[in-house]
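Just below sit the structures, each encoded as structure tokens.
First chain A sits with chain B, and in the next complex the same chain sits with chain C.
== the complex of A and B ==
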């Protein structure tokens, strides 16, 4: 049998696809497709420069603040609401319509309303994150609770388990994986929310870098700022997905 | 009620929402220490009757008497074995078997010791730390059976326990079940749609007619289980029982 070559390693193909992507970007930038489209090399240099002079770091300190506060609130209140809706028909009746509407509403249209009510400060940005992230966090927790295997619940009752034991030992463990997935998807929505807020409410943080460099035609810097937020979102979501797979491997997941 | 009757149902009727009549006026007695089968085509309400006896679903009318007392919910003297096993996928075999005792608030050391004994009894000693999804269907149902034995109930209710298991494993399991019951002297109420299974295992077979479920006939096959399984399966008495049931049930199949 021939020795497996370098081409059989998944890492090789991952690196190759990156090289292809950045190579195409470089060529398209040098061609150029548009005066506002810098090549990959110029973008990378601009990124290093912005890291070096501390402007990128400062931007992220102010961008991550509303994001983390918003996600933390979703994590506590959103999961709480979802679990409440899953367990109680009354809570479901009151809150489910709200979250269905929130899930369907185009958020960018609501942001001016938030600004009108809460001004242009941190509160409005946190709210933008919450409005985008909460529905998916709530709905996942709710579905996780509602999808509890009825046969397991009957099993618990057949051994005289109390309602409390039924919730703590069957329903919540069963829902845990979906709740975690909800949080991860909530974070993804939160990234969208915080950037929209920074672009639409007042330019701060990464939104400020993007708007400012675009207005003075520093396109490599603008692309560097855009690429950095995409990179950070992708890396953190991927990391959370790995944590999720480690915490809830396929063999212990409820069907 | 006589002392040799473990479970008795009186005039049980069950109508599901949407006016589906599952059971009509079912009265039956299950003798203590025997294996009794509820047999019938799908839709005859046999699982419904079993779950009413278990106290898992309420009847619209009628009474369930267990050990001489009327009951209206689950109780420690009854343990249920589920068709789909109903094991916690996130818990090991050990925790699953001990789960009934865990719900009763027994301390971990004590309940694990009891669970280990029953895991060994069903032949899974090497799999205490495995998760249900790592086991075959037959092994999962052994876990379900061990869990029911662990709570030391004298009545075991089994809802088509072998229907999700392949035929070879099923036969082996049936023999082991009879063997286990010989040592434990439990009363077993067993739901199945397999005529052979009913005839092979049972001391008493109740045939239910479909829609609405009613007692069509009660048969006592009187098979001597002290003989080997292969001998029983060739026995004229066993074959006659199978044929008698089939002649009864044929009319309900279209």
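== the complex of A and C ==
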């Protein structure tokens, strides 16, 4: 009986696809498709150099600040609003349209407006994160509450459960998975928000590295900075997704 | 098989990231110059607009496209989507291995260090203080650092706020105490808050603000068209130097920037009068001085690096020399 080949391992295919992607990048950079498109090897070297001289670390300290503050505010206020909207028709009537509009609005066009109102400091950047992340967090919490299993709610009521028990024992546990998903997707939007803010408002952190290296034509460094934020966003979101799978069984996650 | 899907996506992503090289980069009629401007077209572009109109009459269509920033305009030239770019991308010229050369200086840097009178009165007062400039590695930062060196002072912190208009607002609102502005915004600030600010004296800072650049290949292949553009630019510049009001007449005659708001319209003459007074519009397209001054200045700003920098590696003088020979 033939041994199961190496090709049957998922890890092999994962590594192969990475090799293929970076290989294609290397070829595209060496060909070159554009004089400003660096090969993968040059970008990797630039990334290591930027990690080594501390400039990348310093940039992330400043980029993560508005991101974390924004996500924390969304985590508390956003989930609160979502739950409120799910439980009360009045709150829903007042706030749902705001979040639907926010969700549909092209943020890159709104960010310059924020600077007119709040200037160019940290507040504006935090607001950019909130504007992008809040609609996702709120809408998911809202839908989580609204989608609570009606038969379970009926059951609670027929056993003379109070409204408080209905919310704490049936609705909230049931909505928790969607609320968590909302937070994860909110973080993804937050990454977009913080980078847009750093590129459009004032160049700080990773936005400064991208603009500066682009302005002095250090293209490998510029691509390294861009790749690093993509990598960090992808890894943190993947990690959160794994946590989510652990915490909530598939039947609650609805998948 | 699902694992196989990723490699295909990977290829698609690389193709997207790389962009399709411009196939039509040099296929157009040779009497057309695709001109990439890294700014919105405003009053300071009037000489260019006049020159473009006159070049059109001589059979050279200068098609001006306004890009969001100088970097994007530079990329357009590097990748062949534009023929001539405007700006001072010295770093890109040094680092990118496509031979790009400057060939004409349109204007020299004209910036005004401006401080809140209540806080500071001279350069010495800025010692240990915070200043705000356009961006890291920008001309405004280089000027401020050069001045610090000249006056033996050191700033506590240099912050970056892109856009003279944004910094002007910051000064008026009081969030910024010391910065550096272009002529239009300096005049705006002085008018909005009379007596609140002072302009600090600037030593001899001579470097290009706007210069024209193109690939060597384009300059060699399109000598006739480039000659027309350079000659017309020289003529307009000399007319403005002789009489700044001439630009107003030309604008009216050629119907340029018709939609300009009245507020900006009133700024045209002061802008050109001040520029002429400060000698920022070179009557000789910069000639050899511009190249050497630029190398000194942009080396100081950190844009270009290395010793023994040669002007020939950045500038190609032939088109300008030819034009200077024709325009007396």
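Criterion: the second predicted complex is superposed on the first by the 249 of 255 C-alpha atoms of A that agree within 3 Å, B and C clash if a C-alpha of one lies under 4 Å from a C-alpha of the other, contacts with A are read in each partner's own complex, and residues count from 1 in each chain.
Everything that follows uses one rule, which is that a contact is a pair of C-beta atoms (placed from the backbone, for glycine too) under 8 Å apart; a residue touches a chain by one contact, two chains touch by 3 or more.
The model shown is predicted, which means the values in this text are computed figures rather than measured ones.
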Between chain B and chain C, more extensive residue contact with chain A: C
Partner chain in contact with A:76 - chain B first, chain C second, else both or neither: neither
Contacts of A:101 with chain B and chain C, given as first, second, both or neither: neither
Contacts of A:15 with chain B and chain C, given as first, second, both or neither: neither
Partner chain(s) touched by A:113 [first = chain B, second = chain C, both, neither]: neither
Contacts of A:239 with chain B and chain C, given as first, second, both or neither: neither
Interface residues of chain A shared between complexes with chain B and chain C: none
Sites on chain A touched by chain B in the complex: 149, 151-152, 154-161, 165, 169-170, 173-174, 250-255
Residues of chain B touching chain A in the complex: 51, 54-56, 74-76, 78-80, 82, 84, 86, 88-90, 99-100, 102-104, 131, 133-134, 151
Residue numbers on chain C that touch chain A, as the complex places them: 3-4, 6-7, 10-11, 13-14, 17-19, 21, 70-71, 75, 78-79, 89, 91-92, 94-98, 135-138, 159-162, 166, 170, 173, 175, 302-303
For the chain A and chain C complex, residues of the former touching the latter: 10, 13-14, 16-17, 20-21, 24-25, 28, 33-37, 115, 119-120, 202-203, 208, 211-212, 214-219
